[in-house]
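Letters A, B and C name the chains as they come in the text, with residue numbers starting at 1 for each one.
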Amino acid sequence: MKLKTSYIAAAVIAAVAVASPAFLGAYPLNVARSVMTYMALAISWDMLLRSGQISFGIAGLFGLGSYASALAVLRGGMDPFLSIVFAAAFAGVMAFALGFAILRLRAMYFSITTLALMEIFRIVMHNLDDFSGGPEGVVLPEVIFGGNSSALYWLCLGGLLITIGASWFFEKSKMHLALTAIRNDETSARSSGVDIFKYLLIAFVVTSTMQGMMGAIQVQSYGFTTPETAFDGNFTLLPLAMALLGGVHSTIGPMAGAVLLGIASEWLKLQIPYGHLIVYGVIIILVILFMPQGLVGMARRMIRAGREAGAGK
Amino acid sequence: MANKRNAAIVAALITAAVAAILVWRPTVLINGLQSAGLYASIAIPMGLILGIVHIVNLAHGEFLMVAAYATYMLCAATGMDPFLAMAPVAAVTAAFGFVIYKLTIRQALKSPELNQLILTFGIAISLTQVANLLFTSQTRKLSFDYVSASVDIGDLSFGVYKFVYIGIALLMIAGLKLFLTRTTTGKAALAVGQNPKGAAIVGIDVDKTYGLVFALASALVGMMGAVFITSSSIFPAVGSPFTMKSFCLIAMAGIGNIPGILGASVLLGVSENFLKAFRGTRGWADIVFFVLIITVILGRSIKGKKA
Amino acid sequence: MSKLTTTGLTKAFSGLVAVNDVSFNMEEGEILGIIGPNGAGKTTFIHLVSGILMPTSGRIEFKGKDITYAPAHERSRLGIARTYQLIHPLENLKVVENVMIGSVFSRGKSLKEARKAAEAICAELELDRLQRDTAQLSILEIKKMEIARALANEPEVLFLDEVMAGLNSDETKQVIATVQRIARERRMAVGVVEHVMGVIRELTQRVIVLEAGELIAEGPYETVSKNPRVIEAYLGGAA
């Protein structure tokens, strides 16, 4: 019964999301795209976090995807839509190769390494003048789908839905058991037959592919990028804060966090042009100190408490 | 045995490289040492916290930024020299660090390491953004005559002022060594760093020690922040690169090895300036550090596996 | 048939030799006691044969196959399972998921089959209400869950590292009876580490004694317990 209602709710939301361009103007559609991009990044960050590994390098894979897609079109003459697929695959392959070295690291050493890799990607793009356009970045001959705002919206929504689907699969398949076991206790996971490296690698490659894909969608939708925009630290910071606020280790938590913070930050950007990001900093602090389970975790606990109180009567 | 021989070979290679650079491009060494002093004196307080409280403070660079702005305000308002401002600024940042510790980090000491990491990350962003709100992202700079002091040797002319950072780093190393080995409080802090539970059993107040170490480290960062504005312009994000650099240097030296931080800084400073010395590679100088940090971390993880 | 053999197995921790030149073997269907004073190296020995630690030297064979340096998850698939002296529950998974995980990853079962298998194992161990969080379990239930998790690997060789510790005598009896029954039904070789000699006497056909990492005696409990070196080791350990 309960399951059915949540499926119906999901179907309704999906239908509304798909139909939005019919009744939303260009500005709200633009905001929606930005929220969806951050949402996909927040979900993908969380997917890896379920194994206990914290990445500070979301922006790295995102930027790599942006550049792979833009350069494939500019230098390789690839079809823009195909270049998104190519960029996603490229980010995945890079993650696969890097994974062999960095997935043996744990805790802060992993986090710091992902951050350093992001900086390396940025500096490389900055300095490969002839190939990547250097500090000025790259400008594409045209925006994908002729810049049609509905089409751009659907493209971004498509990327988001793929990410949600992957995350949902992670929750419902044996990935869930493997990643949670690795997060809780690697020793005991190994004794139960979990090949830790294999599952970390799968999670890292899949999430990096998603991040690269979103980067590619972003660059094709705006038609240009620079090292500083493609590898903007906010693409790491905002998704992280969104997932934390909503509640980590789930699909729904990062989604809720992205909607709340995404819309709030659009509003704040207009109110306080300088320093509106302080909201993110403060939210991270408050959530870690007082609400480590996030909003969804808190809601779950309240529902459970309510149910137990009801059962007690 | 093999280790000793390796160390000797490495030492010989380094000496040879240094000699070669000295003859070929003396400014590489001079600028390298000067940046090394700056890196080390910023990293040492972070190393103190990491060695004793076992917290990676990702807001370390922002503490520096806060101190720099505090000095800027003080000096701009009163015309005071930043070197004189060191004392009052250190007092302010010590109090600031202590309050931040009490309000936030202390609450997360028992949480998983990742929560601590994210918490200090949040503090870092908040501080940068507060600075953004208060001062906007505009850069600020005070100029002092003594900064441009220079020396001519033959046809080589170079600024000497920044050697002051090497002096500060050496003073910090000596001072901390005295504090940690000669004073009761320092010895207690060292004991807490090595084994907090054991220290608690013999009656050391661990929480008080942590608070004290945080305040002390913040005071040192505060002093550095004051001197920092003499040679750099400041803006809200000015501190953030130093967090990563400091962490890298500490990791290279090995946690708890404070003099080693200076050695690592020299390596980083000289390598960066080496690339900066050539037009073709100038833009790549920034990458040295990130490559170095990954190499160090991976190297340590492989070594850890073997042991 | 010999299931598990070690030859000259040695593990040194920077100077301290925790397991020193231990050669032994375990036969199909036997319950073997592993005893010795605190710090004798029993847990380290289990870590070595289950792949949690890699040996400094020596050789480990499982059914004639060299597994000296095989990773832990591979050994678990081959059929070596163990419990931990320091319990390691996976606290973010339900009880049933804790048990399922071995079926899924060691035996390659689907989630559905694994759930069924886990429920069957838990029923055998009389562990119920499987949808609970591990934090809600009593000590007895935790120990049962640890055994159930090891059994979910469907092992041919099973090591139990002080599973009875912390249980009262009734509970101990209950666990002993279950272990005996399951071992008999499945023809498993079981290695039991226990400090309570009553348990060892009742449960095992053969005992090996470790002291300071060395294997100092081997044989039925009755003979080993009269061995002067063994008595000396225990008295020395107590003094």
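For the reader, a short list of remarks on this structure follows.
Everything below uses one rule, namely that a contact is a pair of C-beta atoms (placed from the backbone, for glycine too) under 8 Å apart; a residue touches a chain by one contact, two chains touch by 3 or more.
Bear in mind that the values here come from a model prediction, so they are computed numbers and not experimental data.
The chain pair sharing the most C-beta contacts is A-B. Comparing per-chain C-alpha centres with the mean over every protein C-alpha atom, the closest match is chain A. With each centre defined as the average position of its C-alpha atoms, the distance from chain A to chain B rounds to 33 Å.
A separation of 43 Å divides the Cα centre of chain A from that of chain C. If each chain is reduced to the centroid of its CA atoms, chain B and chain C end up 49 Å from each other.
For chain A in complex with chain C, the residues that touch the partner chain are 173-174, 177-178, 180-181, 183-185, 187-196, 249.
Listed in rising order, the residues of chain B touching chain A in the complex are 56, 104, 107-108, 111, 113-115, 117-119, 121-130, 132-133, 136-137, 244, 247, 283-284, 286-287, 290-291, 293-294, 297-298, 300-301, 305. Those residues of chain A lying in contact with chain B across their complex are 52, 54, 56, 101-102, 104-105, 107-109, 111-113, 115-117, 119-120, 123-124, 126-127, 237, 240-241, 244, 272, 274-278, 280-285, 288-289, 292.
Those residues of chain C that touch chain A in the complex are listed here as 50-52, 71-73, 76-77, 81-82, 84, 88-93, 97, 100-102, 104-107, 111, 149-150, 152-153.
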